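Take a look at the following structure, please.
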C-alpha cells in the first residue's frame, strides 16, 4: 500500500517550526558567551569611567593577541577531541629561540621562520606520538610541555633581551581601525587574521569538517573513510604552529626571550576555548567562541586592573569569582533546550 | 568488459583472531556484479567481522581478498571506498554532532567559490533524501534523529558513493515496512545497474524476496554458498544453526500462544503524559500480565512515549501513577523502584557500557537499584549471570568478556538480560529484537511471553508490525506524535487493519 | 579484562625498576634502609614519604577521572588545607595540645571536603564542564589560602602537628601509614562495594548509566568531595612536613603531576575503567623521577627535558605498536608480515586499524561505476 | 630624567602613584607590598596597586592602564628583567616618570626610567661567598658545598648563584658538589636536601638562595640525625623572621639580608621625581649581613 502523501508533509511542517527553536541549539553557547562579554562592558562602563573607551576595548585584543592565537590552535585540538597542554611552553620556547638566534646574529627574517618551524615540529611530534602510538593526548602534550620548557632552560636560564630594529619596528607598528585614533597592534591584527583563517579552514575545507567529525566520533569518522590520522596529527601540528606564532607575537609584545614566559598560559587557552562554548569532549564549538573566551578572560583582567586597590589574594579571589559569575550567567541565559 | 563469471569480490580462507576468540576461521564469499547476495548466520557467526575485513577495518591473520579479480590488501575504510566498496555498518557509525547533510556528504562535500558550500551541501543532501522518499531536515544534527533515521542516513551516504560493491550490514533492523520497501526498490535499481550488493539480515523473508544467492557462516567458518531458489527456509535454518536446529522447533512451538488474561485491573495509569515537541499528551493503562504493543510509522513518537513513562525524558504535562500512587518522573530511579524497566532502542549510546564486562552490564540495573552499599553477593551474581547468558544464548558465554567485543545481536541480548533480571512489573521494550537471530528472537519472544504469564506487563515497540501483532494483547496506534487509537488484539487483528488505522487516524 | 588491565602495568613497573636500578648504580646507598631516630631512613623511604601527598591526590583524582571529570583545583585545596590548619593551631590557646591539633585538622579537612563538594555541585548540578568548573577554585582557592595566612608563610611549632609528617609508628613513617590507610579505604570502598561498578558505568556511558537508574549526580558530587578530602589530607601532610603553611606555593602544579600519575597507571581520561593499583604505581614513578633528578645530580636546567624523556618513555613502552617496532630489527627471521597488534582490546571498531593507512588520503570523490 | 612636569595636574591634589607588584609568591614579597602600601598612606600619596600574579603580560597591561588613567608616577617590580622597552617608551611619551623597584630591567633605551631602587642579587651572593671564605680561612681541607637554587630561570636564582660562584671560584678548596632547584619553597628545600643527604656523605656547607628553602632543609638535616648549623654550615638569603629565629637557635649560620621594606625610600623618590628633582639612577637598599651573634639581638625588631 502507498503511504498517504499528506503525512510526511504535515510532519515536516511540524518539525520545521520546532527547528526554528531547537535546530540552532549549537549556536547557543557561543552566542551566550558573546552576550556575557557585551554585558561585562556595559556593567564595566557604568562602574569605571573610561572602561568603554574604544582603545580599552581594542587593547583587550592587543594585550591578548598571543593568547588568541594560542586559543585558536587549541580550538582545533579540542574540536577533534584532544587536548594540548604544551602551548604555553611552546610559546616560551618560541620567544627563547627568537631571542637566542637574534643574539647569535641571525637575520630576523630567518629567526621567525625558525621559531615557527620549531613549534610546528613539536606539535607534529606530539601528534605522531598520539596517533601512531595511541598515547593519551593529555600525557603526550604534558610531556611536550616539560620538553619545550626544558629546552628553554637548556638554551639559557637567563632572560635574553631583544634589541633588533626590525622586531621593535614590528612591535611598534599600529594599525588604525577607528577614526578616533584607536588602533590595534600588528600582533592583534595578525591574531584576528589567524582566527579568521581558522574559521575558514574549519567550515570551508574538508580538513576542517573532518576535525568536527573526528571530534564527534573518531571510530565513526574512521569507518566513514575519513583521513583520521591526518586530522589528528594535523590538529596538533597546527596547534604547535599557533603556539609558536603566539610566541613570536609575544616576543614582539615583550621583546625578550625567557623560559618562564607563558607559565600556565596553556590553561588560560583551554579555559578561553571552553568558556567560548566549545565542548571539551570534542565536536562542538567555534573559533569565534574561543576569541570571545580570550576577550572575556582579558576583560576579567581589565576589571582587576581598573579596580586598582585589590591586594594580591583578593585579586585571585575576585578573578575566580568573576569567572564563576560569567559561566553562571552564560548558563542562566541559555534556554533549557541547550541541556 | 569483464566476464560475468568474474566476482566483484572474492574472499577466501579468511582467518581473524581476537584476543581469546577466533572470530573467522576460513570464512569467505563470492560476490558477483549485479547480484544481491545474502550473508547469513547466527549472532556471532562472524558476518560483521568478515565485512570489516573486507573494508580494511580488521587485518586478517590469513586469507585472500580479490576485488575484480585482482588480489588486494585493503588498508582501511578509505582504501576500500577507493576500490569501490561502500559499506553500511551494523552499528550506526556516523557523527551525531554533525548535520544530516554533512554526514551524508562528509569527505565529498560540494565546493563553491569559497571552499565547501554549506548551501549546496544541504541542497544535495535534501535531493538524495527526497530520492528515498524521506522528508527530513538535513540541516539538523544527526543526533537529534531517531536511530531509524540515522540508519537511513547511513544508507544514503553509502548509496551516494556510487560504488561497485555495496555492503549492507543489517540495514533494516530498525526500519518499518515502508522504509524497507523504499530500500528494496533502491537495491533493486542498483543491482540492475550491475552493482554487487552484500546484504546481511536476520529476516529470512527479506532474503527470499531480495537475494539471488547466499553465503552461510557458522562459528566463523564457511558453511557454503547456495542459490536462494534451491534452498528452503527450514533447510537454511539448519545450515545456520547446525545441530541445534531441532531446538528451534521446540522454541517456536512454545512461543506466542498463551491466553490473554483480560480480567486484570490496571496497576499503572498514565494521564495526560506529554512533552512538547515529543509527543502529545496521552493516557495509558497497563494491567499485569498484559502485553501492549505500540504501532506506528517511523518517527510517530513511540519511543518518545515510552521514554516519558520511564522518566528518561522529563514530561511537560501529566503524570504516572502506580498502584494509585504518583511516581515522580524526574529521573528513571523512581519508575525503576516502582517496578518499571526500559530497554532502549539505541543500545550503543543509551544501553551498554562497552568497556564493562557482560556480567557487569547484566547486573547494572539491579546493582543501581540496590544502591552502592549492598553489592549483589558474588554467588547470586554468578548464578544470575550464568542463567541469563544461557537463557539468552549469549556468545561467547564468558561473563568477563567486555561487551564492546560482542557481536551486535549478542549485545542486544545483554541489554535485554539486564532488565529481565530485574523481574519488573512493567517491561518496556523498544525494538528489543533489533539484530538478533531467529533462534534468539524466538527465545526473546518466549521469554517475554513467559514473563507476562507470570504477571509482568509488557510495553512492546517494534518496527516489525507482525511481531507486535503476534505478541500483543492490545495495540496502541500512534501517528504524528499522538496516540490515535487503541485496538484489542484477540487474534483477529491483522497488519492491514492497523495500517488502515494509521492511514485514516487523526481525522477523528 | 581486569587481568588484561593488570598486564598493562608491567611496562610502568619496568620503568620504575629501571629508574630504581639507575639510582642504585649512581648512588650505591640508594637501596639501603636503616633506622635513624626510631624511624626508617633511606632513599626508598623518602620516596614513599615525600610521595604520599601526590599519591593521596592521585587517588582522589582517579575517582574523578573515572567519572570522565578532572580536578584542577587540588593544588589550591592543598594550600587551603595547610592554611586553615596552621592558622587555627597558631591561634589556639595551646598549640601543643593534641586536641587542638585534631580540631584544626578536622576543620581543615571539613573545609576541603566542602570545596570538593562545591566542585561536584558545579559539575553535576550546574553541568559546567569539569575543567572550567575546577579552574574557578584553582584560581580563587589559592587566593583564599593567602587571605587566611595574610600572604605570609604561617609557621607552627606544635609538636603533635609535626608528628603527622615526622612521626612514626613502629619505625614506619606516619605519612606512609596514612597513604596505606587511604589506599585501603578507597580499595574497600570501590571494590568491596558496588561503587566501582557504578562509577565505571557512569564514566563509560553516562546516559546508559542514568537509564539503568544510577544516581549519577550524587555519585559525581561524592567523587569530587572525596577528591577534595584527599587533597586536604595531602595539604595537611605537606604543611606538617615543614611546619608551615604557604598559601602561594604549597601544592603548586601538583594537579598536573597527579593527572600524570593517574594516566601512567593506565586509567583513561575519557572515563570508564580505572585502576587503583595503576595509580599507585604512577604516583610512585612520578615521585621516583623527581628523587632521581635530585640524587643523580641532573642539572636544574635539564631537569624538565629529563622528565619529559622519561614520560615519553613510559608512554611509548605502553604502546604495543611501539614495542613491536622496536623489537622488529631484532627479529629479522620472523614472519614477513608481523601479526597485527591485537594485544590491547580497544573499542571494537578501531582495534587494529592501521592508522597510517588513513592518512594517505585521497580527497577527491571518485566515480567508480561498473 | 624629566617630563614629570607635564603630568602634573594641580596644587594640592595628592600624587597618584601606580604600582605594579609581581605577585604574592612569598612572605618576602608580601612584606614588600605591605611596606609600600603603608608608606604611601603615611606620605599622603594615592596608590593604585595592581598585582600581576607573576605574569609579565599582566604587568604590562597594568602599566598601560596606569598610563591611560594618567597617574603621576609609575613604579613597578619587574617580573623578569627584559622586555620592557615598548611600555617604558609609552610611559615616556606620556610624560610619566617611572621608578623601578626590586630588580632592574635590561634596556638599550635611554632615559626610560628615572631610577632603580632595589637590592643587588649578585652582590648578595658575593656577600654569602665572602663570609664563607673568611669562615673557612683556617682550613685547607676540601669544603663540600650543596646549593639550593631558586626557581630555575628566575633573576634572583641566576644572580645569587653567579655572585656566590664568583667568590668561591677563587679558592680551590671549595667545591659545589650538588646544586638543585628547590623552587624557593620550604617543601622544595626539604625534599631536595633529603636527597642530597642520602646521596652525599660529607656535606659541609649548605647555601640556600632564600630562607624558606634553608628552613625546609633544616628539617631534613635534623631527620638525618645531624645538627644544622653545627654539622652543616648553613647560609641563606633574605632575612625573614623565621630565619632569624632559626639563627638564634643556632640552626643557621649566616643570613644575607635582602630588605623588602623599601616603602619609605620609594615614597621619598616618588615625591622627588614628581617634583622634577634629579635622582641617582641607582639607589641601593640598606641591607646587612647577620651572623648568629647578631641574630638574637635583631630578632625582636624583625617586622616580616
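So that you can tell them apart, the chains are marked A, B, C and D in the order they are listed, and the count of residues begins at 1 in each.
As a working rule, contacts are C-beta pairs under 8 Å (C-beta built on N, C-alpha and C of every residue); 3 or more make two chains touch, one makes a residue touch a chain.
The model shown is predicted, which means the values in this text are computed figures rather than measured ones.
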| item | value |
| --- | --- |
| Identity of the chain that, by mean CA position, is farthest from subunit B | D |
| Separation of mean Cα positions, subunit B and subunit A [Å, integer] | 42 |
| Gap in Å, rounded to a whole number, between the CA centres of subunit D and subunit C | 34 |
| Subunit A and subunit C, separation of their C-alpha mean positions in angstrom | 28 |
| Multi-chain contact residues (two or more partners), subunit A | 153, 157, 206, 219, 222-223, 226-227, 311-313, 315-316 |
| Of all residues in subunit C, the ones touching two or more other chains | 146, 151, 247, 300-301, 303, 347, 349, 353, 357-358, 361, 363 |
| Multi-partner residues of subunit D (each touching 2 or more other chains) | 23-24, 30, 33, 152 |
| Pairs of chains found to touch, sorted by chain label | A-B, A-C, A-D, B-C, C-D |
| Subunit A-facing residues of subunit D, complex | 21, 23-24, 30, 33, 47-51, 53-58, 60-62, 64-65, 68-69, 80-86, 106-108, 151-155, 157-158 |
| Subunit D-touching residues of subunit A, taken from the complex the two chains share | 50, 53, 55-56, 59, 63-64, 66, 152-153, 157-163, 168, 171-172, 250, 253-256, 258-261, 263-264, 301-302, 304-306, 308-313, 315-316 |
| Residue ranges of subunit A in contact with subunit C within the complex | 85, 129, 131-136, 138-140, 142-147, 149-151, 153-154, 157, 206, 218-219, 222-223, 226-230, 233, 267, 270-271, 274-275, 279-280, 311-321, 323-324, 327-328, 331, 339 |
| Of all residues in subunit C, those that touch subunit B in their complex | 1-2, 4, 192-195, 197-198, 200-201, 204-205, 207-215, 219, 272-273, 339-340, 342-343, 345, 347-349, 351-354, 357-358, 361-363, 365-370 |
| Complex contact set, residues of subunit B against subunit A | 55, 57, 76-78, 80-81, 87, 89, 93-98, 102, 106-107, 109, 114-116, 118, 133, 135-137, 139-141, 144, 157, 178, 277, 297, 299, 479-481, 496, 499, 503 |
